[in-house]
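Letters A, B and C name the chains as they come in the text, with residue numbers starting at 1 for each one.
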Amino acid sequence: MTSIATLGSHCSLQVLKGAKDEGFKTILVCEKKREKLYRRFKFIDELIIVEKFSEILNQEIQEKLKQQDAILIPHGTLIAQMSSEEIESITVPIFGNKWILRWESDRTMKEKLMREATLPMPKPVTEPKDIEKLVIVKRQGAAGGKGYFMAANEEDYNTKRNQLISEGVISKDETLYIQEYAAGVLAYLQFFYSPLTGELEFFGVDQRHESDIEGLGRIPSEQQLKSKKVPSFNVIGNSPLVLRESLLDEVYTMGENFVEAAKRIVSPGMNGPFCIEGVYDENAKFTSFEFSARIVAGTNIYMDGSPYYSLLFNENMSMGKRIAREVKIAEEKNEIEKIVT
Amino acid sequence: MTSIATLGSHCSLQVLKGAKDEGFKTILVCEKKREKLYRRFKFIDELIIVEKFSEILNQEIQEKLKQQDAILIPHGTLIAQMSSEEIESITVPIFGNKWILRWESDRTMKEKLMREATLPMPKPVTEPKDIEKLVIVKRQGAAGGKGYFMAANEEDYNTKRNQLISEGVISKDETLYIQEYAAGVLAYLQFFYSPLTGELEFFGVDQRHESDIEGLGRIPSEQQLKSKKVPSFNVIGNSPLVLRESLLDEVYTMGENFVEAAKRIVSPGMNGPFCIEGVYDENAKFTSFEFSARIVAGTNIYMDGSPYYSLLFNENMSMGKRIAREVKIAEEKNEIEKIVT
Amino acid sequence: MTSIATLGSHCSLQVLKGAKDEGFKTILVCEKKREKLYRRFKFIDELIIVEKFSEILNQEIQEKLKQQDAILIPHGTLIAQMSSEEIESITVPIFGNKWILRWESDRTMKEKLMREATLPMPKPVTEPKDIEKLVIVKRQGAAGGKGYFMAANEEDYNTKRNQLISEGVISKDETLYIQEYAAGVLAYLQFFYSPLTGELEFFGVDQRHESDIEGLGRIPSEQQLKSKKVPSFNVIGNSPLVLRESLLDEVYTMGENFVEAAKRIVSPGMNGPFCIEGVYDENAKFTSFEFSARIVAGTNIYMDGSPYYSLLFNENMSMGKRIAREVKIAEEKNEIEKIVT
């Protein structure tokens, strides 16, 4: 009997609850320090306790998972804690396409795939002296928003950069990545693509709540100007959003372009859940600054179903349950190889 | 057998899903360019493809709808794309009161109805020289927030206005409409009034997410002051809100006052869904700057039911489903003429 | 047969709907001026009409409640409108622990319990001259945020204070309470502790929407600086949030520490619903500025179930329903005395 397994973090509760509801055995690879938390949830059938998640690379643990016919659901924690090589070396079947996770992790590859998908991206700024309007300055690699800052011109850039260096947040010789700041309504567009049906489903939208930038709007300008604190972008949580219906056509088009681009350049393509992350400007034009090639934590807000999935399913359907449903259908059709790598 | 029809935009997915769930045949009047989007949703039984929505004024299309005993559900797109005369000329039965839609579209009539309903409104400012505290400057007609701006005094007003003229956003001889800016918590109050039962139902509250004003709070004052960009108010999406329970009594009172006022001055009154849009200030006093005399897109956040409707119905009930339910009950009672115009 | 009773405000609709769904008779102690509102809701079996809520202290009304075997569900309105002595004098059984409500109302006791629970709190600032970074200045007692203000330094403190005195918002000899301002993502953590099972349940998170501080982020800095208005913090409503899953372990730990501390110092402990209120900073560190020792109005956003409760229950479960469920289970087990005081 097939099991569904995942790492204990990010969206594991949603994933395993959905798997249980679909009738699967559920396995959590759980850090020792989090055991108490996850024991609270009765829908988790088995905990494999590890000191750190990278132990999933050990043959012993992989054997345990394989003995139970486990399919591993990848999420943000897998990517944050392991290199692409390590993830690709896992021999337990991984839901979706494990090869595309590398394209999410590497900024150059990521932008290549986004260009291939014709996703509109913020304009890069090559040199600080070229800053003409508001920019956001990012660090290389996934630092989770820590050390990111905004700058209005070159002088402002230098002041902020020097301040963060002196605070030890960034290092002196670190290469920073400057792009035009896209202001507006943040929207994280969540999709599911089924290689079994060849259909793309739009699941929902969330907004991220980041600290301490979110608190900025509640500090009067007068006080802001008296403070030297550079705001940060650490993700704390998510909240729900629906879009103007007239934007949905473009949303589906972007999703399909992404699926098509992934099919062309990273076989077997963008199977399963993914997310296109960006901002709508004052002309309702979307600019995308990231994608996630797997389930995103923003789907947690819809643990009991999303507005858009209530249009597609006559039952409460979380993204975790949708994944498990896909496994179930693949098994019934004897096409498991189509949905895992 | 009765069908439910609507234009393909705004809240059409919610409306037709609700209609299908209530057992109706569903028809979408769909722009050719959006056909692909709407074909994805299996609950839409028939698409009537048009080049542009105004074709619904053609006898041919109206005949098609009448042959299927269609009731047309009006929404924001109908109002945005057709004149009041055109809407009133439609001979397909329109859910609710098509005559009140004119009162929504025309600013003078709108304010008259709001005064009749004793809704508290922001104080108008006659001349730029009378600006004493923060004002919002609006354009005549429904421009969707594009070109709206805030000003703190006359000088500020002139600077901003000139800038928007030079950017081509507003024209030099355009009459602008100045009103005191009501700051606080935005709340869009969604109601349904049933002429069958004579009862008013409070459905829910949403907040609008507008671009790029929403992004403003995430830009540090220091950077804001270095930029000359005038923020805009283009609606991108909606998110859910509940109100302090102690505010509900006044909410119902405002809704009832609106229903009563509409009965008096625009027969047969405010039947079906409507929305009162405003802001709660620091004394929890509500100021209303708009109303919508039909379903609003903010109900899309509750496609699977709202917190307040879960108090009234022991089932998931979207506004779209509520509309269809009303049609069903009217048919059973043989009182269809009470709910359409 | 047991009844569930509560005061008509705050979260009474949710509480009585949940009670009805669990099969209880429902009683609302209702102010005369609100009768019309509450008569709309068919799940309220009986209204006891009063001029003001303090009449619940009258023997006559308490007798009425006792005749119907009522259990009174306490909420914010009870605490706001009655002294601790008055609440403690009520002889109708109160759900949870009525003795702990005093610890919520009194700032000194509140901080004592928070320290006992090792909840991280904002650093207090003893004197205006010691203000080194952004502070929030609060009034003693529950003023609902009215008159609170932020200050960047001593001079700023004096200016703001003098302005609010001259506006009559605060009085000249009022002692103000200064603490370091914790900026970031606001999170109100909602829990339920069952003395029947000895288990703590995490129900959900909400964000409060306060006026007019919420509107501040939508006012450009340029206009803010031209205005002298001091923003206020009057709660208008609530919206939903989920947290990064990696924060949940600490959330449960804080909840358990609070439950344990309450057991030690205010018998019989923190039974039933409670809330820990605070903010996540840029390092995802939580700082708690309040707790509520009873159901909070933020649970109203989840009248039909919360994301986190959908992990624990295979049915829609509001906090109101959870309370009623606890009463039902206690009755079945003949352990009512464990869940009331």
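The criterion applied here is as follows: a residue touches a chain if its C-beta (ideal position, glycine included) is under 8 Å from a C-beta of that chain, and two chains touch if they have at least 3 such contacts.
Bear in mind the structure is a predicted one, so any value in this text is a computation, not a measurement.
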Copies chain C and chain A - interface residue numbers shared by over half, same or different: different
Angle of rotation relating chain A to chain B [CA atoms, steps of 5 degrees]: 120
Inter-centroid spacing, chain C versus chain A (mean Cα positions, whole Å): 34
Sites on chain A at which at least two other chains make contact: 214, 216-218, 221, 224, 231, 239-240, 316
Interface residues, chain C side, partner chain A - complex: 133-134, 150-153, 156, 181, 183-187, 199, 205, 207, 213-214, 216-218, 221, 224-225, 231, 239-249, 252, 279-284, 305, 307-308, 310-312, 316
Chain C residues touching chain B - in the complex, by the definition given at the top: 9-14, 17, 33-34, 36-37, 40-41, 43, 77, 146, 209-212, 214-224, 226-227, 229, 231-232, 234-240, 297, 300-304, 316
